[in-house]
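Each chain carries a letter (A, B and C) given by its place in the written order, and its residues are counted from 1.
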Amino acid sequence: MKRMLAGLLSLAMVLSLSAPAFAETTLEKINRTGVLTIGTRTGSPPFAFVNKQNEWVGFSIDLVEQAIAPAISKKLGKPVKVEKKESTPATRIPLLASNAVDLIAGTMTDTRPRRESVDFTLTFFVTGAQFLVKKGSPIKGIQNIAGKRIAAQQGSTNERIIRERVPTAQLRVFPDQPGAFQALAQGQVDAYTNDGVQLAGLIAKAPNPADWHIVGDFYSYEPYGMAMRKNESDFRNLANNGLMEAIESGKYFELYDKWFGPKGEVPYPLTTENKRFMELQVVPK
Amino acid sequence: MKNSTAIEFRQVNKWFGKLHVLRDFSLKIDPGEVVVVCGPSGSGKSTLIRCVNRLEPIQSGEIIVLGESITQPGVNLSSLRARVGIVFQSFNLFPHMTALENIMLAPVKVRGLTRDEAEKTARALLERVGIPEKANNYPANLSGGQQQRVAIARALAMQPAIMLFDEPTSALDPEMINEVLDVMTDLAKEGMTMIVITHEMGFAKRVARRIVFMDEGQVIEEGGPDSFFDAPKFDRTRQFLSKILSH
Amino acid sequence: MRGRWRGVKYDFDWSVLWSGESGGWLLQGILTTLEISALAWLLAVALGILSGAMRTVPFAPLRAIATFYVEFFRNVPILVWMFFWYFGVPPLLPHAIRDWLFNHGAEFWAGMFALGVYHGARMSEVIRSGIQSIPKTQFEASMAMGLTVWQAYWLVIVPVALRLIVPPATNESLNLLKNSSVALTISVAELTFQTRQIETYTAKAIEALTAGTLIYLVLCVSIAIIMARIERRFAIPGLIARVGAG
């Protein structure tokens, strides 16, 4: 309900914003206000979440604050403050379109249809869809979910793949993680599918992590990017430069370790393959 | 012997909370008798007749209706109420039913008549109260006098042995009062046992066999119309009469 | 169909609403919304009439039961009731029934009960106020004719009350329809769910939200028109005006 309301409000905002005649680029806006406003999540550890100390933190937020904002600040020659607003899969694009936020920094997968509405930065995280099951479940991956009840999160791309590849699976699509997880815990569904890293995040927070297993090979490719309004190449280049510099300098891997290392919020080791992929995204100076 | 008395009140006491509405009230009414009850407002007259069909319970004493004590537990209220019709000051017709349907409702639902039988009776009753052409009108489209006549027909449809009238004309415009009183007069002539609460003293003079003047839950004075109006024994009666007759 | 507002960088593409699977999804969403709302409405009306009438009868235990129902259910948010019926109730059922339900639209039935029972409590208040606006003398007149309490309610009080409450009941019915969108939290694929689905697949959030908004608007206005017709059709000549004036 809250989300729907937020969606409708942003819609209203968009409509009311159709009047002003000024057309300011994102960079001009940041230069004028000294603020970079990001739309992010409150419940997607470790990318963006509210921690026990009631601070809004996470890997995506760190990347913005420690890689992207400094790059913009350097270019504009003045400090840039990062402000955070909550965005959800349903509201993030309207929030961008209405200028309410300048950058979506959460867990948004870069896809081709999405690129028709928004532009993306470099990929800052790679994961893929897997299944979360109770220990001892017969489900070992996408190959044996036919006829099973599978929970998915709305707004995720993996739900679409299941629809296409295993049409006999009974999909139950939930708007958020807690509902889907509850349904799995109580047996309403046999498995919950989402990006592997999200499932790892869930287990890390679950009361009995040992009761749960993440199973199956990645059956989808989920490259996370940060979204912005279309056709803003100045802003996009700055954001990308910030990310590339962070990868080059090792800052990115430091942050990765902070959140996904053995002592991090959600242990999710960086594979050699993914490390190489991140490095290859960096173009020469 | 059983039916020598239609209604008998024996030492009836009734309280509303701390308010003592009926005080050791006793009265006997014969079959076929028409009794007019009058008295100032708050004297308990309305309560009195509402006790006759148990719309109000009493706290002590006994009321015997048609030879049966109705203040005992286990009285069959439906059959009591079928034998005792009541007409209210505010008509109380059911607004979502036509005149005909209002009259047919209880005969069908309580007495178990078929709709055809009930309709035949209902039409005859509307004829009797003088408005057969209003059968399909809703109450809101009837004048006050017409509504009250339908209400009388509705009570009569149960073929009651006793009819109670609680100020049947006091909510009516003056020009409509007589049409209702005429119906009541006819009813009295046919030998119906009636208790009528009214301040229509002309009606009382013409129709009543007895007039009961009540105050503070007791009978102050009673008598035939001639003695009651011409030679009231008590001051309170005289004062009351002078007030209502001067209107 | 492409447009561009000044000040807003967004390319509109309204064709996403009918191209691909979108049209089918929207239709499915409308059907599910109507289906769950209609069933929940019937339940709400039945519970509302029963408990609303019970709250006015001259018998204290019945009044207490009805009051408990109303206060308990209407004072907890609908979202909580969705979770209650979906997550809270199944564990109370035998294993076989539970499993069967999970395979046969448990979320739909849970959502239906949540909506119906919640709005039944709210409908109850509407009906109670309708009954209480009927003069007490109507009840007395019914009793004086020899009707039982049940008959007096069924034949006189409730039919009149129902006519009086058409406007507030319409309002409540529209609330029910709109609240059916909360069922998406327990994975019921109703209209709001489907508009989000379109957003997921096409990334055209504004078009999808607009479509959803317009469809709700059309549904609600249609219901309001139908209820207004019912009101006129069953109006008792003079009654509404009389009660309104009183």
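Quick note on the criterion: a residue touches a chain if its C-beta (ideal position, glycine included) is under 8 Å from a C-beta of that chain, and two chains touch if they have at least 3 such contacts.
No experiment lies behind these values; they were computed from the predicted model shown.
Interchain contacts link the chains end to end along an open line, per the touch definition above. Taking the mean of all protein Cα atoms as the centre, the chain whose own Cα mean lies nearest is C. Using the mean of the Cα atoms as each chain's centre, the chain most removed from subunit A is B. Here the spacing of subunit A and subunit B, counted between their Cα centres, is 81 Å.
Our note on geometry: subunit B versus subunit C, Cα centroid distance of 47 Å, whole angstroms.
If each chain is reduced to the centroid of its CA atoms, subunit A and subunit C end up 36 Å from each other.
Subunit C makes touch with subunit A in their complex at residues 5-11, 13, 78-79, 83, 86-87, 90-91, 98-99, 102-103, 106-107, 181-182, 184-187, 189, 192-193, 196-197, 199-206, 209-210, 213.
In the complex of the two chains, the subunit B residues touching subunit C come out as 53, 55, 77-79, 81-82, 85-86, 88, 90, 92-96, 105-106, 109-110, 138-141, 154-155, 158.
Those residues of subunit A that touch subunit C in the shared complex are 1, 4, 7-8, 11, 14, 17-23, 89-94, 97-99, 111, 113-114, 116-118, 149, 151, 154-157, 159-160, 170, 172-176, 179, 182-183, 186-189, 229-232.
Remark: subunit C residues 135, 137-138, 140-148, 151, 155-156, 159-160, 163, 236-239, 242 touch subunit B in the complex.
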